[in-house]
Structures are given as structure tokens and as C-alpha cells.
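Going by the order they are written in, the chains are A, B, C and D; count residues from 1 in each one.
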């Protein structure tokens, strides 16, 4: 019971931080002072980068939810691995705003990819920390299976970052494709749990 | 139990996002630097658009609460339909600020109506997703009955958007009337539940 | 159970909104660009108004907590009376920032008092709505007793608002005294509940 | 049950405030308008101060969590001691932004240390309030043992504040060392609870 308590509070805190991140991102879309079509057209790239980041944060929330579901207790390691993930997610509003405001220029797009990459690594560390804690027959390990999405994503981010130096818009395509791949929720874990009737 | 857990977390996350949206909207009402009556009078339209949007977000929170009440489990489809609704709600602070700062000019008022319309459609999609998941004898379907409010609202938004090109202030009247119609909480669902003693 | 659920969600939503209000208020204290003592000294009135408003929001949170404790179910009336209270509380960051930035000038201090007054009235309405719903032998009615604090506060706010036209700093004294009166938590309700062993 | 309810709501409110603090801090890292390397390099000190403050807030959240775990009921004193702690934590975004934007200049670094010191004192007061309420055989008192970290930290903060007048960067080293000391979570309490099987 003690440990479930801890897990609930970890979930609630993570949900709180993620809910705030996803919502304050919209504050980077500054309200223009005049009411012209040009003023609002100027914001289209900011809006597009907002949509992309909203998808990413929503995907992280969803997968985080499924991952913690398999997790019976919260150790110090899990707690800090989770905070480490939240740290990188907290940088999404900044890089989203910078990339959008500069219309997907090379450097901001590369930094955006860098934060995506760091968040993916932090997620992987959290996943490994939970699996190690669960020992052999880890339900999470069984659930993620080959984890091809988790392995493909960092490669795509690196390709995206590298492509910013030649064709910045290609970088954006890489980031968008990864988001689409993940949009299909992590049914591996979901299925396993319906299977075992938990 | 697994599925109730999921529902609780979905509710908590949605509540978090909606609470943040309703509160950061006030940040669009920028504190004036001088203490004159003119400075504060300038903000009256921003305040009025804040009041209208506060009502809308409160109504969405209230109806969302009643809708999820009828919902026994959270599928992937419900989860994403819910995130889709939250996405459009997250744009309320932006369009509220833009409409208020430009004193209900045509284009900002039309965009405001556009976001209202998109949120209404997203709400409808979420409703349909839950009903489809509940199958025949869906408690939500019975509860909403003819759903005349849900059918009237988009029509009113479209009329509001169209009217911005001729008389912007009429648009505002359309949006305000829809808010007033919904202010009466969704008693259909409430009644049904008191009836069945759930 | 249905109704307790509703109450928990109302509490959680109110807590979320109040937590956000109390925290974003600090964003009105703009970070100065230079590192001089003058730059920070300029912010002392903003800081003072922040302290006062932090106290007020904390008091509202605390009393709201005790009041809802006596409340067995959430009706539509209670829900909207609660949202009405949250609306006025959501204006605290704005009026706090305006009063602080203008060094407690007359008009901003009067508006600050006006929002305090409106929040007090909204709190009173919520209290009456709950008492009416509880019918005779309302535990909340017994708990608040003569409610002298609730009756004195609006009088003090009105005196504060009136005094801004002659001596603005006196207004501040009125507002601070009311905060101090309330700082002693609402032991009436607390006592009653320890007494009855609930 | 009444009292556990109160504790849960206190935890939830504190988590909410801490989650918002840790997330809005990133808003002090203003998005630069151009996409040059210089623009982003300018932000490195702001980023570093953000990392430091993120660690501090995360540590407070973690220790607060363990401390409240030992706490069976919430008195008025505990409630206000907790709000007092949240007040000082709420100033972190401001002092973090000021210190970062002025590249760790003397005065902002001293003020940052001052807020760290005030938060440490507030934490100590909350700890003492809980211990006093628990009476003899206080589980929290046994758990914290000699509390050498709690005693060392204020000394380090004072040394940091004093050193700003001679070598500002040394102050930063003091603050960073304290964070590292605390990064090891408060295993004293954790151990005790695993020991007693709670």
C-alpha cells in the first residue's frame, strides 16, 4: 500500500507537469496586436510547430501512462529517471516557440530535434530502470517486445538533426513521421493486459 | 479496476488541462503600466471576451464531467478523441486574447467562432466514440436524447462566423446565446442517473 | 458514491485552479533586466502586493476546503456557485499586478478591493447554496455560527475602497487586516468536526 | 478518515503548486527572436540556472513526499507551515530568471541564495511542526535522525550569499553542492519504512 501510494503520487505529479507543459506551450503563440490576415498568417509556422509538439506531449503522456501501469512500486531510481524525463519535456515549449518563430530555420529545427532525442533517451532510461527493478519476468519487458518504435525513433531524430544543415524542412518531415508512428498507441502493453485480464 | 484507473487518470489529466486553460486565459489581460481610468477602460473588451471564454470552458468542463460519468472504460479511441478536444480548448486563450485586444473586429471574431466550432465538433466526436464503444443500450445515448443543444450550437457558430463579415457585434451575440443555452447544465444525463439511482 | 465522485472532482478542479492562480501571480513580478539594487527595490511594492494576494488565495483555499468538507453532494447550483467564486479568484493575478506596479495608487487599489469584495460575495453565495441544499440541521450552518468574519469582511473592503480616494495606503491597511483576521483558520468548522468525531 | 482526506488534499494541492512552479520556470527562458547561434548562446546561463532550480524543486518535491508520508493528520499549524514553504518555492522562477539573465552577477546570486535559505528554513519549520504534533516517538523524528543535511544546507547557503560579494561564481558552486548532497533521496525515512514494513 505504501508503494502504491507513492506510485499514485508520482503519476499525479507527472500528469500535472505534462498537463502544464501541453497548455503553456500555447503561450508561445503570441497574440498579434493588429487584426489583419497578415498578422495571423505570420503565426502559421508557430501554430504548426505547436500542433507537432502537442502530439508529442500527448504521445508521451499516453505511453507514460501505459508504462507506469505495469509498474508495481516506485524506487528512488524510478523517481529520478521520471524527473529526468519531465525535465526534457519541460523544454518543449521553449524549442517549439523558437522553431516556430523562426519558420523552421536550420538551427532551431536542429535544437528541437536535440530535445526530442534527449526526451527519447530519458524515456528509454526510465523504461530500463523499471524493467531492471521488476527482475526476470518483467511484465513491462514482455509488453514492449522488440520495442522497434523505441529503437527507430532516436535514429530518425538524428537523421532529422543532420538534415537541418542541408534541407531544414526535411527535418520537420522526420519529426512528423515519428509522431505518426507513435500515434498508434502502445497496443503491445494494452493487449497484454487485456489478455491477462488485469 | 484497470479500466477505472485509466478513466480516473483521463479525468484528472483533462481536469488539469482545463483548469490551466481557464486560468492562463487571464494572462492575456495584460496589466497596464499606468494607473489611469483610460488604461483600464481599454481593457473592457478583453475582460468581456475573458468572461465569455471562462463560461465556455466552464461549460465544457461541466458537460465533460457528466459525459465521462456514463463511461465505464477508456479505449484508445476515447483517449485520442479526448486529447483532440483538449487541443481545441487549448486555443481558447489565444483566440480570446486576439478578439479582445482588437475590440471584437471581424477577423478575430470569426477565428474565435472557428475555434468554438472545432471544439464543438471535437466534443461531438468524443461523444460518438463513447456511444459506439458502449454498444446498444448505451447509457450516454439514452442520456443525451435528441441532443438538440449539441445540434443547434454548430449552426449558431457558423451563423456567427458568417455574420462577422457584415456586423461583427452580431457574431458575439450568437456566441453569447449559445453559452447561455448551455449554462443550464446537462440535466438530461443528471436526471437519468438520479432516476436509476446510480 | 456517484455524488462523492462529483464532489472529489469538484475539489480537485478547484484545487487545480487555485494552485495555478497562486503560482502564476508570481509571473506578474517581471524579472528586471539589470542587476542593480534600484531595479530590485522598484519591485518591493509588487512583492508586497504578491504577499498579500498569496495570503488571500491561501485563506480561500483553506476555507473552501473546510466548507466542502461539510458538503455531502454537489448539485448544479453548487457547481456554478463554485465556478463563480473561481472566476473572481482568477482575477487576483491581474489586480495584484496592477496595484503593485502602480505602487498602491488610488484606482488600482480600489479595483483590488472591488475584486476582493466580489470574491467575498461569491464565497457567501456558495456558502448559502450549500446550506440551502443541506436543509434544516445543515452541518455547515451550525459550523459557521454567527459568521462574524464573513459579515465583517465586505464592510472592511467597502471602507478600503472608499478610503482609496483620500488615503490609498489606508485601503491597503484595511485589506491586510481582513487577511490577518482570516489567517486564523475557520476553527468553528474544524472544532465541530472533531467534536462529533467525524 | 477525515484526517487522511485532509492530508490527501494537502498533498494534491502541494503537488499542483510544485508542478506549476517547476514548469513555469521555463517561461523565464525567453524565446529569442532570431535563429543565430549567438542568440541561443546568450541563454546558456539562463539554462544553467534553470537546471539548478529544477533540481532544487525536484528535491523539495521528493523530500516533501517522504515527510508527509510519516504524517498521520493535518493540523492548522501543519497546513500553514506548508503554505509558508510553498510561498518561498513560488519565488524560485523569479530569482532563477534574474540570476540567469544577469549571468550570475553578485546581487542576483545573493538573492537566489536568500530564497534558498528562506525555503530551507520554511522546510525546517514544517518538519518541526509535524514532529511536535506527533509527540514522543514521532516517526518523522526517528526517521530524520541527526538531520545533518538539513543542518548543513543553511550554512552552505549563508557561505554562498557571503561569497557573492567577492567571487559570485563560488556562490553558485555552494548552491550546486547542496543540490548534489540532497540528490541522494532521503533514504533515512525510506529505509525506516521498509524496515517496519509499513
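Rule of thumb we're sticking to: a residue touches a chain if its C-beta (ideal position, glycine included) is under 8 Å from a C-beta of that chain, and two chains touch if they have at least 3 such contacts.
None of these values were measured; they are calculated from a predicted model.
Shared contact partners of subunit B and subunit C, listed by label: none present.
Residues touching across the subunit A and subunit B pair largely diverge in numbering: under half of the numbers involved belong to both copies.
Between the CA-based centres of subunit A and subunit C the separation comes to 37 Å, rounded to the whole angstrom.
Averaging Cα coordinates per chain places subunit A and subunit D 26 Å apart.
Among all residues of subunit A, those that touch two or more other chains are 12, 16, 20, 24, 27.
Taken as a graph of touching chains, this assembly is arranged as a ring, one closed cycle with exactly two partners per chain.
Chain pairs that touch one another, listed by label: A-B, A-D, B-C, C-D. On the subunit C side of its complex with subunit D, the touching residues are 11-12, 15-16, 18-20, 22-24, 26-27, 29, 31-37, 40, 51, 54, 58, 61-62, 65, 69, 183, 185, 187, 190, 193, 198. Interface residues of subunit C facing subunit B in the complex, by the touch rule stated above, are 2, 5-6, 9, 12-13, 16-17, 20-21, 24, 27-28, 76, 79-80, 83, 86-87, 90-91, 93-94, 97-98, 101-102, 105-108, 111.
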